[in-house]
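Quick one: the structure is below, and I'll ask about it shortly.
Naming follows writing order (A, B, C, D and E), and every chain is counted from residue 1.
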């Protein structure tokens, strides 16, 4: 079986899954198992495809499909394969998660979900594989956009979801216009040219056309990735409206396709367009845009009370990191310092690494958000608390995910952020912009931490939720947990096997032709980079030794444990001490809206003040969904 | 050995939690006063702490009133063992001059086991320090029950008479002897 | 400006130095006239119960256990050390000592019990004269507070009209409920 | 025509048939009996005339078959006049019209008697439980004469006061009763939105010791000063002097001048120690422990002084009805002078070091602001009022003891915040020193050798009303005495300065930061034990019906042993 | 030798940290005209706490694990540092970001534990602590980055020694910033906002008792000592002699001097409110940014 036929098989199973949904409709159990099976199958196929490309002896796959008068160029090189891998892993988790989660759906939500989801995944896969800005791109884009529009639209009662979905649609269509339109700036562009060709043609165009071309593409993909201020306009609403497992795909992948697009433009097309591309300018633009995005997004995330919105804002922030790293990589590559040149690819790898990391842990966090929604029915952090004792597994997983995204030592977030920021500092020693933006990035890391202390602390530790929500709360079904454990394992592997992943990314870049930085460090991309020293005794090992750090902490923790328990103290369970008169109750919990209040006020100028959290079972939005269920 | 060391350290570092169960302020002010420059109990390692979780001793001042009775019990439970309780002032020891009114349940030992009594209304800071020093083993107790008689009768006829014996109920009435036996333990 | 203020604050201790007293290593007697523990001189006491009937804390008790023996108990655990007993004692048998180091681990340690030998006046049938002139401080005719349990009740109560139904109400009265029962920690 | 007669005529004129009687033993007091329907009318008339509401007194006047009585007292500061209006109601319909709707400061005074006497107040905006404990059963009113003083109904575990719901969007931070910033048990349920205070509810009266029932049978006129002193350990002397003055006023006793001077000296020494104490505590509350330590170091000398003057550091025990117990002779006067000069010197040094400290300004200026109008509305008293520009001081407005012979300034600030109270208190320290020096001068010259107390010949006449005010360190304390038989008053009511001030605290807290809660509450120098006391003396009843009594005794004892 | 250096780090800090608290308490007592506790009092306090009952109000593992992890990550941070300027074995696999993150982790654990206790006071404290961390951690980072920018090496010893490598404008500006931030790092007045005793009853520490509290106190002591050490070794590295023992001795003396400074400032200030403090921190941040900017420009 060739890779190409595998690719068609993937599409076939997706379409079949969609088709089955139309047929089975109300036979929910059949539909659930059939849909899941087919989706899993397609994911497995995709994993096989990407592995065979990335694996030993693999090579990029390039082919064309003829539809009517259009030629659709497809390219599955190392980079696409990497992102396809991420896509399939996340989809797998999301699909397994859906198995039990969809049981909560009412009426026709059920079969609609199974109808659209395969198309959405197909659209995403299409975007990662088409190699043009014309018909192929349009087809994939529209498939993805319309399907995701529907998924967002149905995620919540109409009253709540109509607006966010529409806004999403409008922004995506605007982005599409910009992206497809941009190519026409290249001299002699023919609708349907592959990216490489566009680049070459661009090289012959005037300087202004080039700038306009890149600007339009930056804007288009920027809207998609959620660069400030576009992200704020659609991301929080859309992510918090869609079903959590869909949001997990949206945040984990849909955004990453934007990143993928940016990489394709600024690191591949840019190369073929040669002198028409100004790396200094675009590096700075990306760095500034990235830094603003990461700072504003994260600060806004702190303000949210709806945990899904919190996650959404935080993913804007995280994407900001990636964009920042891409820009700083460009700048470093353009720098005159030899060290900086060699570090450019490190930063780039860090960016890709962070995309993968973020895809995994943000996907995981959204799924965990789904857990919370499933178990408690509310999306309001003010009403949660103390879930750790009733949902221990979810709590543990959430702790790991929060820990990772905060970038604490011995976590996947640490590895990628560390690579990104430390090499940024080294490369940007003489550049005020790079140093200062590095500091902002570091500063923001503290905000990310605050954000997730809040998320984890208020949802899982804090004071009891079961009496807060006046219902008994149980741990979610094992299928939900299984999907999350799967992602957690990957997340941990990203933390503890950084060398493996770096090599994987390195290899994938090696398999992608026309990469801008490929000549940069000469031998750097050949796998020698992550030996002990890269240049002048510069050690970059810290990122590669998280196991050592883990060992250190655990060892010292045992020491601390021994020390603290050396006198064999008794341990007793007591109620919290509230100065005697009151007991812990509904009213005296320091809820989410109060936490960090002064910090929120201090950063009022960043905007993004939280909206009133409306739950699905809120009477103000219920009447809409009620009759619909009865019609069925 | 470690355990013994910690026990030894306990008497050298007593952190106290001030618990006012309905005092007139007099004792509270004097309790604060022992922290001030002239008396400075911090030289014995004593600190006033804000949370009962950090405390080793409760300084109870004031008669235990009806509303504070459950609260004092709660506070006592909130202190980790081993713990000491000092009843500071006459109100905390025996309920003070309002020991039997409708809103006062009596002395501190009605609510929680009291280890040391520091009489005074309010006790001078020196008296509080003396009480604390007594607990730390720095000084010896200076008081003992006094029993005086104007005349010794050659025959102990009064004591043996049954009817008189029944009249001795005054002791019970006054001091609640049983209570004293319970609370006045070493 | 800021620094100047801080320096001024730092000069205060440098001027006064460490003022901490050496107590309890060095004794620190109370000033003259201090109202410490009251001490009964049993040789002077005539058993008039003036102290008992004027004690605001009602912590001095007298009780006749027979015709000749009267017992005085001073329970220091409630004493307010006001010194009224010493003021009003017609025989000056009570002195407010300057002893304040009364701390103890046993409540029993601060009690004084005196067994008084009483001789009744053959003429008037009382033991003593009412010495005090001030109308507000007059010793009560009973002479002492609790000569018997029954009388104690007579003196003690204000309410012959109280109806026990009042108390019964307490059992049936519906008290306000607690806001929310805390289940934190149980969940 | 004096102001008093003017008022009397005005009331007679306006009330007509509802006016029952007007009487006064002294010229600075006016006691009026009215019909209960006229209560609101009279009160609003008085308020219109510029009165300041002081307190309400409720009691059961069963002896004369009168049912339940409610007395409201008012002060005319400018005219040194105190007015009390009394109305009666029957026991089967114990209802009065509430004054609270137009005198918010009367809120607590009325709520108190809902609890203690079972009165009803029509139109009271918030008739919640105030004084009694949460688990106290309804239907038993401790101040009623048929309830024994040591009745202790069984306690109930799972009962709580129903605190108001926090306003939407805020949660409750439970301050107290055992909290480091409150040295007394009282509960503040503080509503916060983040770090900002959006209001608070007070659940205090945990130091309510019900002195009244105890005194109903146990205490005599001259025992009460010592119990009164223990209402509050800080300003005890204020209460004993105040009580003694009220009794003396009611019975028409004139005490020796020397005793009045000694009382004045003790009151001012008490003010000195109290203000220094407050300064220290305020420092502690804003986290400035050095100020705490230094202020208390200075204060300690005053404590030693008090100890050698009176034999005790706090509860001086100097006052009895009719005079004082101990003399201040020349050697003691020298001791006072020496101590005061040391204290003044130390205090000046401390003041210099902190008064311009920007860091302190930052924590006190603009914090706990309350406008002058609000201060009037809440009937604030003492330094809290004076910091809001209200020029009032009972020492000057209602001269008592020896204050008519000494010169001093009333310190007024107008910043209306915590800083203002700090300045007022610091300045008052120097004023107090000035007053003591003047008193000592008088004692040494004119009053040598005069007696300390008068011999009281006969019993105190029953049924007389006495009203007295004393400017405590925290503000004006008011005592009301209705004399009774059997060597004890029938009713004795104390209104501590914290009582009105505390009612205004929620207003002061509004929109301040959580971190300022301690210092704002601290700024009124709350004396919760004063406020919670309810030291009322009931009259003793006949000693018959021993049998039912014994049953009762047994019953209540049993019940108590269970709790 | 390099392995031993790790243990030297740990032992040096573990032994000295409580003593420094003793110094601080003694000095504070002196400013308050009183005698104060003996210098060894903190050791007794810790020892006593170890023997006490461990009360658990949170009832979840986050609450129980937090003090242990907080302590151990603080120790981990300390294990990394180049005491007297000499890198130890861990320097190969760590750098200044690891250090910063370890420090942050220590605070993070405390916060999760505080939230885990379920107590609103602890939650207020945790919220304040986090706000402080967010604003202050970057100042620390910028200090170390200053060194990195100077030397061009991301290792910890480079970052530490780089600060004072040349004493130009950025050095002095950063010194000022650090001195201004010192109280906040040490969590002493006026910046003991998160632990404010009279308002929120020691905040995050409130629910911890016995051994757990001992660990947290020890962590706090270690943290204070760390920041004092950082001041000495970053800004005064040029006066430390080369000999290890002498250098250690001089360092100890200097650290004690820093503690004297901390106590003096602490005893003469009231506590700030968090909103006031945030403004102050923002000022520090801007100054620190300027300092780094100056360093990039080579000043």
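By definition in this document, a residue touches a chain if its C-beta (ideal position, glycine included) is under 8 Å from a C-beta of that chain, and two chains touch if they have at least 3 such contacts.
Please read all numbers here as calculations on a predicted model, not as lab measurements.
Counting only chains that touch, the fewest steps needed to get from chain C to chain E is 1.
Contacts with chain B and chain E are shared by A, C, D.
Once CA atoms are averaged chain by chain and compared with the all-protein CA average, the nearest chain turns out to be E.
Of the two chain pairs considered here, D-E and A-B, the higher C-beta contact count falls to D-E. With chains reduced to the mean position of their C-alpha atoms, the one farthest from chain C is A. Set against the Cα centre of chain B, the chain with the most distant centre is A.
Chain B and chain C have Cα centroids separated by 15 Å.
One simple way to say how far apart two chains are is to compare their mean CA positions; for chain A and chain E this gives 35 Å. Chain centres here are Cα means. That of chain A falls 66 Å from that of chain D. Distance between chain A and chain C, defined via averaged C-alpha coordinates, is recorded as 75 Å. Touching of two or more other chains is recorded for residues 2-3, 6, 36-38, 40, 43, 50-53, 71, 75, 78, 80-81, 96-97, 121, 124 of chain B.
Counting partners per residue, chain C has 9, 12-13, 16, 18-20, 30, 56, 58, 80-82, 178-179, 181, 184-185 as the residues that reach two or more other chains.
Chain D has residues 134-135, 147-151, 163, 171-174, 177-180, 185, 195, 213, 226-227, 230, 290, 293-294, 297, 307, 312, 315 in contact with two or more other chains. Looking at the complex, you find that chain C touches chain B at residues 18-21, 23-25, 28, 30, 37, 40, 42-43, 45, 56-59, 61, 63, 65-66, 68-69, 71, 73, 75-82, 99-117, 146, 149, 152. Across the interface of their complex, chain C is touched by residues 30-35, 57-59, 118, 264-265, 268 of chain E. Listing the residues of chain A that touch chain D in their complex gives 578-582, 587-591, 593-598, 600-601. For chain D in complex with chain C, the residues that touch the partner chain are 134-135, 137-140, 145-151, 153-154, 156, 158-163, 213, 216-224, 226-227, 230, 290, 294, 297, 304, 307-308, 310-312, 315, 317, 320-322, 325-326, 346, 349-350, 352-354, 356-358, 455-460, 487, 538-546, 548-553, 555-556, 559.
Contacts from chain D toward chain B in the complex involve residues 132-136, 142, 147-152, 155, 157, 177-180, 183-185, 205-211, 213-214, 226-227, 230-234, 236, 277, 280-281, 292-294, 296-297, 300, 303, 307, 312-315, 527, 529, 560, 563.
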